[in-house]
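Consider the two complexes below, in which subunit A is the common component and subunit B and subunit C are the respective partners.
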Partner chain A sequence: MANIIEVKHLTYRYQADDPRPALDDVSFDVHAGEWLAIVGHNGSGKSTLAKSLDGLLPFTTGEVTVGGIQLTPETVWQVREKIGMIFQNPDNQFVGATVADDVAFGLENRQIPREEMVPRVEAAMAQVGMADFAHREPSSLSGGQKQRVALAGIVAIAPDVLILDEATSMLDPQGRRDMLNLVRQLRAERHLTVISITHDIDEAAGADRVLVIDDGRLVDEADPATIFARGDQLIKLGLDLPFTAKLKTALRQRGIEPPATYQTASEMEEWLWQSLSNT
Partner chain B sequence: MSNFIFGRYLPLDSVVHHLDPRNKLLLSFCYIILVFMANNPVSYLLIIAFTIGAILASKISLGFFLKGIRPLLWLIVFTVVLQLLFSPAGGHVYLHWAFVNITQFGLINSGYIFIRFLLIIMMSTLLTLSTQPLDIATGLASLMKPLRWVKVPVDTLAMMLSIALRFVPTLMDEANKIMNAQRARGVDFGEGGLLKQAKSLIPLMVPLFMSAFNRAEDLSTAMEARGYQDSEHRSQYRILTWQRRDTITWIIFVVVLAAILATRRW
Partner chain C sequence: MAITFEHVSYTYQAGTPMATPAVTDVSFQMPDHGYLAIIGHTGSGKSTLIQQLNALLKPTSGQITVGDFTITPKTTNAALKPLRQHVGMVFQFPESQLFEETVRQDIAFGPQNFGMGETDANKLADAMLQTVGLDSSYAERSPFELSGGQMRRVAIAGVLAMRPKVLVLDEPTAGLDPQGRQEMMALFDRLHREQGLSVVLVTHQMEDVAQYAEQVAVMRAGKLVKFGTPHDVFRDAAWLQANQLDMPRAAQFAQKLAARGVTWQQLPLTAEQLADQLAERWPREGDAHV
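Then we have the complex of A and B:
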């Protein structure tokens, strides 16, 4: 697969004389169409990394290339055309006065004529299931609904890359599941590349690849199964374990030895059934 | 706060509700000038008939307008009484005592002032009750467009107005939450002397300010990420359309204006 984003030796300091950079020599590639999860504890530099990719934070040294365009102060708006971002707080990123206005905001900025804007806004709202809420004001929407509107705003401008910067961290479990299902569905339909920055370990478990970041450094890079097999190491990095890994630890404490590799909930269920029917 | 009617929107389905907000703003503005043009019983009757017609067309019950007047009642009474007691000599003098002077002219004038207050408050209440704040903002922005020629940043002002309006309920919620959080920690709001009350506002104001800064920071990042460069080079999703009913209101208005000018005592 071709790389859509290439990051080379990215270093970022919030203050020029900061001895400990927020990002320290980070290099990685993102393949077109993949779902990449970036995990790390609070303050490990995840959000700084996300904002650097979109040119929202001017990094000190390093190189970022998005879809063949190198990120510089001159190309920053071209790069932003390719990237859609959803942030953590649903309230603070809702610009429009109503749902439809908010979905149209990105299109207005691109000077899309109104005749073209109206059908695109309607289609985007329908796609995320918010068509009935078109004239509602943000104060009458739930957190999950607001994030869906944010997603509709991204759908309307159809970027190549979607960055979720802890987009589900302020939602309730139901809203979080809905949101992730929606992103999965969009990704399948539109060949989106998704970068989800999260400390929700279940969200990371659904990704194609996981990057683990600690104190501004990239410490690990593998598929979720490999990453989550390293149970103790994750806890040392201040991360949580997925539910099945926790279950395995509890089983080991009771003298039952489950397989060492990572298993999803259904695989774990299968294994439990098998081991019970064998005895 | 809940019985404060001025500036609230009442969603109803009427002709007045469906008028172009630009039209309503302009009409209200011209109406105020019209009220000051009237200076005899006939012209006042005309303008009262026009106002009642507008109120009936809006299908809003009269009770809301009376509630709109209530907070301003003291101002009206104060002005009318002042006008009544200290008007210059003219016409028949009913009472003369020291510098208090109740005359025929004073009586008529204070009556007129009372009606003027009533009419202007009723019409502005009608404007806010029948128009969504958002539409008022869009209408204002659209009406300000000519100011571009004198280098007023109209688009930026419109964007600011729209964001400010959008965040009013959000910040109200936040203020309530902070108040309750501080109450739970033992702060007494609205109690004690003036100084103590003012002091108790600090634990509300400071967190509210800080959170507003955080919101502004987040919002500007999100706007930039969504391609916002400046407010001038943007297309518009929300547009206002001038319809036939808007033209009709102006025809009625011009007729009333002409009638008032004709009957006015110059």
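Then we have the complex of A and C:
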């Protein structure tokens, strides 16, 4: 699979004399069309990494290539054309007075002619289920609705890569599920590459691959099942334990030895049923 | 402090054409040293309800008692100052309310405002810092150079420094990472068990409700639609689904096994409860194979 993003030996310090860099010699590739989850506890450097990819933090050491373009101060705008980002707090990213204005902002910046812009904005709002809210003030929306508007803004500019920087962490469970379903749907329809920076175990479980960042370094890279089999270490990695891992720990404390590999809920249900029936 | 709501209603901008009822005819009782979780969708009236607890909002009709205090629509603000000292409110993202130059000054602000001398207030601040799990090296630092999770602890220490008897928490773990969330919930649990603090928790996290709450209030469209123990609330899967509320993971899991014929004495709500019941019926080596 072709790489849409290549990161080589990326190091970043917030201040030139920081003894401990926020990112320390990080290298990885992102395959076109994949869903990549980046996990790590608060302060591990994962948001710094996301911002570096978009040229929001000018790193001095290393190399980032997005869609074949090497990120430099000269190419930063070309690179940003290819990446859409949604941040944690929906209130911090609104610029428009109405939902429609806000969705149009990215297109206005790109000087898209009005006759092309209007239908694109409408289509984007419809896609995220916010067409009825076009003339509402963004501040009157719920958190989940705000994140959907942010997503519409990204749909409108049709980037190749979508970065979610803890974009669901402030939503209620229903809002979180709706948002992830929407992203999944967009990804399938538009062949988006998705990078999600998250603590949410369900969000990470849906990824093709998980990168683990700790203390500014890339410490692990595997598919979700392999990562989830790490058991109690997951807490240190900034993730919650999957329910099956919690249940296994509780069973072990009661003298019952479950299989060591990661089991999905239905696999574990099957195993428990088999064991209980085996009398 | 015991809390009683009797037919409490609250309408925003009451008596104007803009009047919006937010809470309608809510009645319940919570015993002294209780732990109540309030759940319900965004906009169901949870936040309006808890703002009545220290009379930030006074009921439009009905009556609230908190310990010896009674709040009615006519209660004057002057009569409420002592109540506010007893009811500590931790709002969403409390770290946004930090303002002092040092962590110690920020925590000591509340007690000083209620008449405590500076020396005593500073001593209290240092003790509270320890309670929330930060060592004394943080006392002289600016609250604004701390991490988000640390700032939230400082804000909570500031509330605890008022020595409240009731702690009201509005989604206190929103935005924290799983470890931070767990530590925060363990802290409230400890304050509840060791110091007898009454806790009122507004949350979307059903796992926390299952693990910590003694009573659960379910709000929908401003009305209290269910009130009882976590078991009372979570045992009715059809009702939960109709109200778009999640079941705790352990209960979901137990129900799947129930569908295959496993019977539970009581629906397990946490991994621990589920493991207990599984262990009881686990086939042991040496058991006769039929």
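By our rule, the second predicted complex is superposed on the first by the 271 of 279 C-alpha atoms of A that agree within 3 Å, B and C clash if a C-alpha of one lies under 4 Å from a C-alpha of the other, contacts with A are read in each partner's own complex, and residues count from 1 in each chain.
FYI, a residue touches a chain if its C-beta (ideal position, glycine included) is under 8 Å from a C-beta of that chain, and two chains touch if they have at least 3 such contacts.
All values reported here derive from a predicted model rather than from experimental measurement.
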Just to be sure I read the superposition right, which of the two partners does A:114 touch: subunit B = first, subunit C = second, or both, or neither? first
Once chain A of both complexes is superposed, is A:226 in touch with subunit B (first), subunit C (second), both, or neither? neither
Can A:3 be said to touch subunit B (first), subunit C (second), both, or neither? neither
Would you check which partner chain A:77 touches, where first means subunit B only, second means subunit C only, and both and neither mean what they say? first
Which partner does A:255 contact after superposing on A: first (subunit B), second (subunit C), both, neither? second
Which of the two partners, first being subunit B and second being subunit C, lies in contact with A:65: first, second, both, or neither? neither
Output the subunit A positions appearing in both contact lists, the one against subunit B and the one against subunit C. none
Note: in the complex, subunit B contacts subunit A through residues 134, 137, 162-163, 165-166, 169-170, 173, 214-215, 218-219, 221-229, 233-239
Provide the residue numbers of subunit A that touch subunit C in the complex, in ascending order. 41-43, 88, 142-144, 166, 169-170, 172-175, 199, 235-236, 238-241, 243, 246-247, 249-251, 253-256, 265-266, 268-269, 272-273, 275-276, 278-279
In the complex with subunit A, residue positions of subunit C that touch it: 41-43, 147-149, 174-180, 182, 204, 206, 244, 246, 249-250, 253, 256-257, 260, 262, 271-272, 274-276, 278-279, 281-283, 287, 289-290
Please give the residue numbers of subunit A that touch subunit B in the complex, ascending. 51, 54, 56, 77, 80-81, 83-85, 87, 89, 91-98, 100-101, 104-114, 117-118, 121, 137-139, 153, 157
